[in-house]
Amino acid sequence: MKYRSLYIKVISALLVFGAWEIAGRIPISYAFPTFFESMSALARMTFDGSIFVAYSETLKPLVIGVAISTVLGIGLGLWIGLSERFEWLFSPIFIVMQAAPLAALIPLLVMAYGIGLTSKVFVVCIMAMPVIVLSTSSAVRNTPSSMQQMATSFLAKDHHILLKIIIPAASPVIFSGLRLGVSAGFIGAILSELKITPTGVGDIISYSRSIADYPSMYAAIFSIILLAVLFLNLLEKIENLLFKGNDRGYVTD
Amino acid sequence: MIVDMSQTNSDFAGVQQPEQDIAVSVRGVSKNYGAVEALKDMSLEFPRGQLTSLLGPSGCGKTTLLKIIGGLLKPDSGEIVVNGKPVVGPGPNRAFVFQDFALLPWANVLRNVAFGLELRGVAKSEREDKAAKYIKDVGLAGFEQAYPHELSGGMRQRVGLARALSVDSKVLLLDEPFSAVDEQTRRKFQEDLLSLVANENKTFIFVTHSIEEAVYVSDQIAILLPRPSRVSEIIRPSSFRLKGAENIRRDPEYLDIVDEIWASLRNYVE
Amino acid sequence: MWIRGYKLPAMSSLLVWGLLWEVVGQLGMTFFIPPLSDVFVTLFEIIGTPAFLKALSETAQAFCAGVFFSVAIGIPVGILMGRSRLLDELLLPWVNIFVSAPLTALVPVLMVLFGFGMKSIIITTTLFGIWIIILNTRAGVRQINRSLVEMATSFGASPMDAFLKVYFWAALPEILGGVRIGVIRAVKGVIIGQLLISIVGFGALFELYASNFLMSHFWAVLIVLFTLAFSISEFLGYLEKKVAYYAASR
Amino acid sequence: DTLKIALAETPSDELAAFFVALDRAKANGLDYEWTAFSDEELAVQAILSGQMDIGFGTPYSAMQRSKAPIRIIFQLSKLKFFPVAVEEYTDLSQLDGQPIMLHSRGGGTDSIANVIEDRMSMSFGDRSYVPGSSNRVVAMLAGQADATILDLSNKNKIIAEAGDRFNVLPMFDVDASDEALFANLDWIKDNSEQVDILVEALVSVWQDMAEDPTVISRETNPDGPIGQLPAEILAELDGFYTEAVAGGLYDPNGGGRIAAKADLDWYAAAGQLDGNPEEMNIEDFWYLAPLDAAMK
Amino acid sequence: MIVDMSQTNSDFAGVQQPEQDIAVSVRGVSKNYGAVEALKDMSLEFPRGQLTSLLGPSGCGKTTLLKIIGGLLKPDSGEIVVNGKPVVGPGPNRAFVFQDFALLPWANVLRNVAFGLELRGVAKSEREDKAAKYIKDVGLAGFEQAYPHELSGGMRQRVGLARALSVDSKVLLLDEPFSAVDEQTRRKFQEDLLSLVANENKTFIFVTHSIEEAVYVSDQIAILLPRPSRVSEIIRPSSFRLKGAENIRRDPEYLDIVDEIWASLRNYVE
């Protein structure tokens, strides 16, 4: 059953898209286009190249922000997980960042960083970083102690224990935080384009919405989701590659 | 055959031979876990180039003692001296085989075995060559790429053993290293240990529950009392090796000494 | 954090940050950040007003319901996904999709389906909280020591028993970590829901205060929210510490 | 049936007059409830999907593109926007070639900018978009931009906050609608009684307000959504309405045909409507019966 | 003393005594893990009320076989019949002692021991009484409230043992149950097992690496070939128990049979 998982994916996709098409045809709302209308809008945007232009704009803050959040987030998360002092001082910041309604804070960001790339990168970071930091730090605390002891007995230095024991042991949870962080980063990038300055894909969404071109709006949203899902799958591949033995399969197998 | 017996721990200091070269000495070590007294004022010396077995009831504190010697636990009082220097933590002169194996679940056999070398900064190709050799020695050739969860209990134990042997330390702390392997393999490993003792002057501290094994491989056997643990006797069954593993099972001297240990162990159980 | 043998309460570091805020506010660097003391004065002024109490109850209701659904759905789904390949293959793509869908964009669809009332806000809150709970639970379950499962099965555990007595507990440290983050995110979710769907509750207050530049009002409401997020997070952190004794020895 | 009203923003000073009208309508037997949405598009979508009855906004493109028969019934306010620039600019023509900050592509401020370019035969430089008037105020205050277009209350705020740094540039009058009430035609016909009561109340308030703007603050229900606003905001109600009435923000006649015609011209020029405004039929966009009835 | 020997697996069907009551029978079972062939067409019968030991090299598939009998793993082919019914999953008639103990880290000793009963729906007070009794039997009295990570290796093993005994199943599957306990305790447990066999007509399937232990406690010993595992011989050393544990160590018959097993085990290793 080599292709089983592919079949399952295709079937469930067909079901959902079918439901979408039907819902669009009823229609459940005049603002809800059918699947085919949306896909033809997507095809149109792909062929006239406008979607690529938009993404070249959107991906800039996204990539920068996600890269910063990943590196800084995992680093800070490790530090918070390891040092009680650091946790005491800094975990409130991330809880605040995580809980703060970003939309309400955007004026502050605009004030401080203007309406350019910096603000957008900032939004992406604010969205992506806290989950990464908090997951990493909680995972670090659950590292099996017998393995730490083993490494110590084989003369592991602190950085060895960190890199070779704590990170691999914590990796499943770090990666689940990372997934959420990266997707939050996607959302942040779009949000910043909707709320700070409409450029790129956010512009397509808000413009087609304001001219009631709903198929284009849904097509743009669909393309973001598609991109994010592809990216998350890539992330999962990386996880499986880096920490192969951590994948012990499913209990039902 | 020499059998020294020092009935109590306080006598013990008197019988030690000063001319002997002591690799590890345990001096008045106590250790409590909360209300549980694991070790109480324990003193014991491990001569260099010899194999010392620790025999004692389950839960008496053998693992605790080994971990203290290994520098993984701090004693509540007392000290450990290795090669004349007090122990403050783990060191390259000691390698550990863990009772619960302590393998990295995310690493395959090759990486697990090479892990000790990896931590010492040995280059990848070199450490993998070395690891491959030890994997073969413990009979796991062909399983280099397997992950711990794909191995049987005994195979996991052998991975832990190979890891400790590969770092080539002078003192080896073995916590029930053969408990899950079959007799045949165990016999081979015993021979390997003995040849390491004889040819490379390594010092072994060895926990086992098999009296026969202890008698066969040990230069000295320390018999521990149950919790709180102290040394009750030291026995030196030093000449069986020469007779060969095949023959000793029916050797009356061997059987006598097993009975003797058996008798002194059972004394306090119940 | 310990100082001279005294354990400082976890939130005490907020005092440090609060002090920093006060200083920045007093310096008058920007009208956006009024001194913390002003914010507290405003907070006490508005805290008893009917508008505030109404917003509080609307927000609390939506939040509690949203958190309840994220936990009650997220944990079982996460466990099932970590346990069964079929379910994982079926659900993971959709989890990934929902995780990555910009919620702001999903909201119109939600509104179409569920209307503008409480229901849509609760769903938005749930959508914010649930994914990390599912993902963390799944990660926790996949790390479970297989022998434990086999042991329970061999003693005749029913699927429900296995669920409640083995999977849940074995993955509990990860689950709690996920719930903690999920709940904090839900605080944000409920506000965003209130801002995007229909402007009610604290969301309405934020909108009103921000658009009228009533900065100390704005921060006062934000402080109420942060306090909420903190106390929940600290409570869950306390639970996490309770399971720490086995988390590292699984 | 309860009348469900979709507001495009949270109740604030600008909506005080509308709520006064609602109170009067209630006295005449209208049963209503309102929901505030974060922006006009959401309110439009709510009407399109039939979850709300009457909405706030100027949904011309939705009317033209979607299959739903949406009609405007009352003009609430005119497009009164104020170009604001840093003090070195005193006249619109000086902004030729200068960058300007607007709300969104295709939005109201964008169309104003288009029309300004048209009438003054000039062209702005780069247009950057910052949604939300208050965000644009912040960006101006922080020195992120030199020129923008603001609504009345945000213009007042920026001048109050830093009047010495900014100028309000004089601009020509516009009759087109900024906010209007709209609904699905089928629904309007099924509920003509309710619609009539509401429009009548609106007309009466708008006419009273034209005579005496302070009527709003006097008639505001202290327990209603406006009465519950912070004292800081309530204190400015009279000032706001006096200035708004003086500035012609509110048409005492509810817009009607004049406004409809102006809207078609304006929104076609602004790019929200496709086609020639001369050929468009007002009846496709407005439903005038209730207003006509109220004006009698 | 009776020693039956059937040289090959194919002969095996012929030597079984039809009058004997068979509790568990393994029929042509094969199991592969990916490329690793663990069991290959294995057939074996376990008479009711007897103790059968499985002896074989580490990694040969003993645990795999036990798990298949326990219903925890599905064989690739072949079937298991317990009391005349084919096994489709775990059942209350079989209890398992796991090689790696499988204790719940979040539960204390009392709850761990009572866990089997808890899953069978026994009321709390009743199951805790019962658990307390078995905890005492395995020598852990006083540790009821301790958590697994506070126990030594041998103590953990005894918790797993107590749990399996407390559910009172007719068939017990013991995977190296005494590997980490001391000789004295092991001897006691062996006696306990034997009395369960004698008085309660329980059937034991017992994995061990100690030939001596197998010879002492077993009614029949199945010697397994290395991977892919089949049964190479069945040995029935049935009369040593009568002689008493104390005396057999020097008994020449005992020594002969140990040597014999040893010889046949070593045959194939290397």
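A, B, C, D and E are the chain letters, set down in written order, and residue numbers restart from 1 in every chain.
Note that a contact is a pair of C-beta atoms (placed from the backbone, for glycine too) under 8 Å apart; a residue touches a chain by one contact, two chains touch by 3 or more.
Bear in mind that the values here come from a model prediction, so they are computed numbers and not experimental data.
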Steps needed, at minimum, to go from subunit A to subunit B via contacts: 1
Contacts common to subunit A and subunit D (chain labels): C
Chains most often in contact, by C-beta pairs: A-C
Inter-chain centre distance, subunit A versus subunit C - centres from mean C-alpha coordinates, in Å: 17
Separation of subunit D from subunit E, taking each centre as the mean of its C-alpha atoms, in whole Å: 84
Distance from the mean Cα position of subunit E to that of subunit A, given in whole angstrom: 51
Per-residue multi-chain contacts in subunit B, two or more chains: 100, 149
Subunit C residues counted as touching two or more neighbouring chains: 32, 108, 112, 146, 195-196, 207, 210, 249-250
In subunit A, residues with contacts to at least two other chains: 28-29, 31-32, 107, 111, 146, 194, 246, 248
Inter-chain touch pairs (all): A-B, A-C, A-D, B-E, C-D, C-E
Subunit B-facing residues of subunit A, complex: 146-147, 149-157, 160, 164-165, 168-169, 171, 243-246, 248
Residue numbers on subunit C that touch subunit D, as the complex places them: 31-32, 46, 49-51, 107-108, 111-112, 115-116, 195-200, 204, 207-214, 217
Parts of subunit E lying in touch with subunit C, wherever the complex brings them together: 67, 70-72, 89-92, 94-96, 98, 100-102, 104-106, 115-116, 118-120, 147-149, 163, 167
Complex contact set, residues of subunit D against subunit A: 41, 44-45, 48-50, 59, 61-62, 64-68, 101, 104-107, 128-132, 134-135, 138-139, 141-142, 144-145, 272
Residues of subunit E defined as touching subunit B within the complex: 33, 36, 55-59, 61-63, 99-100, 150-155, 157-158, 175-176, 179-186, 209-212, 249-250, 252, 255, 258-259, 262, 265-266, 269
